[in-house]
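Encoded as structure tokens, the structure appears first; notes follow it.
Naming follows writing order (A, B, C and D), and every chain is counted from residue 1.
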Amino acid sequence: MIARLLISCADGPGIVAAVSSFLAARGANILSSDQHTTDPSGGRFFMRMVVRLADGEDDGGAALERDFAAAVGTPLGMTWRISYPARRKRVAILVSREEHCLLDLLWRARRDELEADVVRVISNHPDAAADVASFGVPFAHVPVPAGAKEEAEERLLELVDGCDLVVLARYMQILSGGFLDRLAVPVINIHHSFLPAFVGAEPYRQARERGVKIIGATAHYVTEALDAGPIIEQDVVRVSHRDDVEALARIGRDVERTVLARAVDAHLQDRTIIDGSTTVVF
Amino acid sequence: MIARLLISCADGPGIVAAVSSFLAARGANILSSDQHTTDPSGGRFFMRMVVRLADGEDDGGAALERDFAAAVGTPLGMTWRISYPARRKRVAILVSREEHCLLDLLWRARRDELEADVVRVISNHPDAAADVASFGVPFAHVPVPAGAKEEAEERLLELVDGCDLVVLARYMQILSGGFLDRLAVPVINIHHSFLPAFVGAEPYRQARERGVKIIGATAHYVTEALDAGPIIEQDVVRVSHRDDVEALARIGRDVERTVLARAVDAHLQDRTIIDGSTTVVF
Amino acid sequence: MIARLLISCADGPGIVAAVSSFLAARGANILSSDQHTTDPSGGRFFMRMVVRLADGEDDGGAALERDFAAAVGTPLGMTWRISYPARRKRVAILVSREEHCLLDLLWRARRDELEADVVRVISNHPDAAADVASFGVPFAHVPVPAGAKEEAEERLLELVDGCDLVVLARYMQILSGGFLDRLAVPVINIHHSFLPAFVGAEPYRQARERGVKIIGATAHYVTEALDAGPIIEQDVVRVSHRDDVEALARIGRDVERTVLARAVDAHLQDRTIIDGSTTVVF
Amino acid sequence: MIARLLISCADGPGIVAAVSSFLAARGANILSSDQHTTDPSGGRFFMRMVVRLADGEDDGGAALERDFAAAVGTPLGMTWRISYPARRKRVAILVSREEHCLLDLLWRARRDELEADVVRVISNHPDAAADVASFGVPFAHVPVPAGAKEEAEERLLELVDGCDLVVLARYMQILSGGFLDRLAVPVINIHHSFLPAFVGAEPYRQARERGVKIIGATAHYVTEALDAGPIIEQDVVRVSHRDDVEALARIGRDVERTVLARAVDAHLQDRTIIDGSTTVVF
């Protein structure tokens, strides 16, 4: 069985040795390892290890996690988690009218490029129903009428219950802090600008007005502050004075869907660790 | 003789025909032509033409310009100018301590990549004197002591007198609106971020704190509003959580010098026309 | 009515004036114009103009084309054509098993991003039938058994009859020279490498073996020589030692579909003119 | 004291644990670690670790290396080396007429961006003498007359004696296999194309003739086979039909110098391990 170990803690000598000796003693082989230290003196330490567990570890990780906590995690004051690729994550996708990011994720999921099952698509518009149905994924229409956001969020909470990740694939409603708290799983959003440029509405119009020569897209974890969550991935594309707002939006769509897909992929592969208002992406 | 014609005016039928017929009747051959219309109905029209004038046009363009005004420019309400590559532009470069953009421009000028003569380098620090001297360019040290900005700007005005372009190659002083008015020639600045992200001081520190995955640089015409002038050129480079502020600054230097050089080159080749708060770059 | 005029001819004085005066006399307004000269002395001249014809030009262009030939095209020895966006081009797409480029084109067509109608999809495998049906496009399965290529190409010729463009969206069969001759419309192919690197089969395996740090894709017009036709568009993406052949293929798919879409879009907008073994793309 | 440990060996369980336990027992703190396995079953394992040695390790590493060999390196059949940033590498640069890569490396060295001392510049042309002198670096002119390559290479060997790295910064002579053997230190070359496209002479002319839309540069370790050594770094830039061979060369220079600088920097930081005909770059 393959396991992935993600760790963050105060930096100090012996962390890698403690972890790798624990794993070696247990017969686990380290397949890959990435680490990062924000500052060699007094900084924070981050590590991602992929290991092949010994054949005996057949209880789904319970013993491993208990022993790791006792021997390494707790003594060294670590924040850590272990995940198992064999347990595919369950993903819900929220979308409004623009369907390019949604379709791209569904295509990738069908092609088995994503390490997850898309278990539900939810939209505040009915438009995407037929597309989603053709992928055999359940679709739910949850309108958000003016003044009835609370009820809509209740309905959303029911529908995404049991999911490990919620992806906002151009979902144009702002989710309340209360919703995010109760949801309690990560939410990834795609913003159609190179953040922190052009926060908020109509970023392509803002970009046109400012006359930028490059536009971009940003995938980030959602926090209550609008467009301010930790950035996972960004990319850009060159534009010119010839591109009006519609052209920018069309060109931007290609960047949006690619950036969102990369960010979702990085999250699903447990390559991301949040570090305050930023992310470490291994 | 080669001439470049830059035009902007209200769009309408017959503009290209009027200009090209005027030129054909005069024996001028159009070597290249670019045009742009912001909106086919009621928009603004921009054009850049490079022409080889007939042999008779040997008075340096005076007759050409007078006749063009009478026959085309004034009747069609154009804003226009004609420039001649044979009359090399005179450029002054202002710099503070970071010398990478300055050296890059001096080196390009020496290689004859820039269609201009660098006639003077001015700095508020003495550090670059030897480097500049090795390129055979006059150097002036104009310190800007606290409270004596006005005197410094007076001295700058004297030193750049007769220049056609002033380039701020990491000049870390803010020029006053009064200075810009009296200067009356274009000023190009390089800002070390992808504007409008990270306006103002220490953009690499801001970038690190926001956790962006891409950094950039922006070359723009200077206006009185800080970092808000029309953008000429931008470019970016990918970074990661491994890059601290110093690494971002080091990586960013390569983008800064390239972006500034491209913008200066575009200006010197008369490829830029300002359109409100943006630029058309042909 | 909007018309697009594409011209190539030996360069010389007065070409732009001749064309624009012809158009002005006819009441046509030039909306945009691009031109290119390979060499100011004795080179070749290329031009693309988009014009709004006068209201009287209501016979679909027949008079315009006859008059242009007589007044400008023939006297100046031009190769030229006029196309009309209102007459949407008819496109056939050929595909094998990899469906990412196909799906991307179908989706763009549905979004009305492509100035064309996809009238048929043909594959040597039946796999894509359901996907294509969901876009409401006719699908034909034309297997190419060993030794029966000639019959298959006969069938293809029948099926693409009346099309203006054939797109090979990861079609893994080599088309014979005879087929291309009889087809007599342009064919655009996507090759999954940055040509001319890695011509032929398994370019991602070749790329892995050579240890390149960047992979790419190339869209080109198809000629009889394998992977040697005039290049329309290319793009690249950074990879590393961590990416094995399968990862390169997965990463490459995103570039392939984008490059192919851009090339097809440029062709459909009549932005491409073939110049020997290369293309001018305005 | 900081040390860098580079390892390659057959993959298998316990490697990281063996190394990190050895280091932990010695009081060394792992500051960063990268690893790569070509194939989890039966592949090859590569690792780079940066460690802070305990205060007692004050003999310059001799004891460390002896003990590591005995306890880890030899038992596990590793190819390994330890380097120490405090011992700056000595670099010789060879150049012909194009000076942009040379100047860029000298600028970076002066700005202390490179972890090395440039101890000598050698050219088969005298042109760069004054530039090099202004950096306080010894310059040697070693012409390579037809038929006298052997003598020239003898002279080069004397001049680079004691260097840790030789950089070919647009040195247009081919070095013989015998020279490379006797030199016995790594040689990094910059090739002015995106290899393996356009091997050999005049790559920009080849690129123009093929009509590529992107050009690039490749930095690689030099082997006897022309332009076939392991690639360290590549980058590209977009071009168009407007760019003739001279323009491609001018645009390409910016990529060449940046790519070479990145490759040299990676080598100097001991981030590169050669793996057959490719490189792992951590």
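Note that in this section a contact is a pair of C-beta atoms (placed from the backbone, for glycine too) under 8 Å apart; a residue touches a chain by one contact, two chains touch by 3 or more.
Note that the coordinates shown come from a computational prediction; the quantities given were computed from them, not determined experimentally.
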Quiz item: Can you list every chain in contact with both chain C and chain D?
Solution: A, B
Quiz item: Looking at CA centres, what chain is most distant from chain A?
Solution: B
Quiz item: When the contacting C-beta pairs are counted for A-C and for A-B, which pair yields the higher total?
Solution: A-B
Quiz item: Between chain C and chain B, is it the same set of residue numbers doing the touching on each side, over half shared, or a different set?
Solution: same
Quiz item: How many angstrom between the C-alpha centroids of chain C and chain A?
Solution: 37
Quiz item: If you average the Cα atoms of chain A and of chain B to get two centres, how far apart are those centres in Å?
Solution: 41
Quiz item: Do you know which chain C residues sit against two or more other chains?
Solution: 36
Quiz prompt | Complex contacts: residues of chain A adjacent to chain C | solution = 100, 103, 107, 111, 113, 134, 250, 254, 258, 261
Quiz item: Which positions of chain A touch chain B when the two form their complex?
Solution: 36, 194-198, 209-214, 216, 230-236, 240-242, 275, 277-281
Exercise. Could you please specify the touching residues of chain A with respect to chain D in the complex?
Key: 12-18, 20-21, 23-24, 27-37, 40, 52, 238
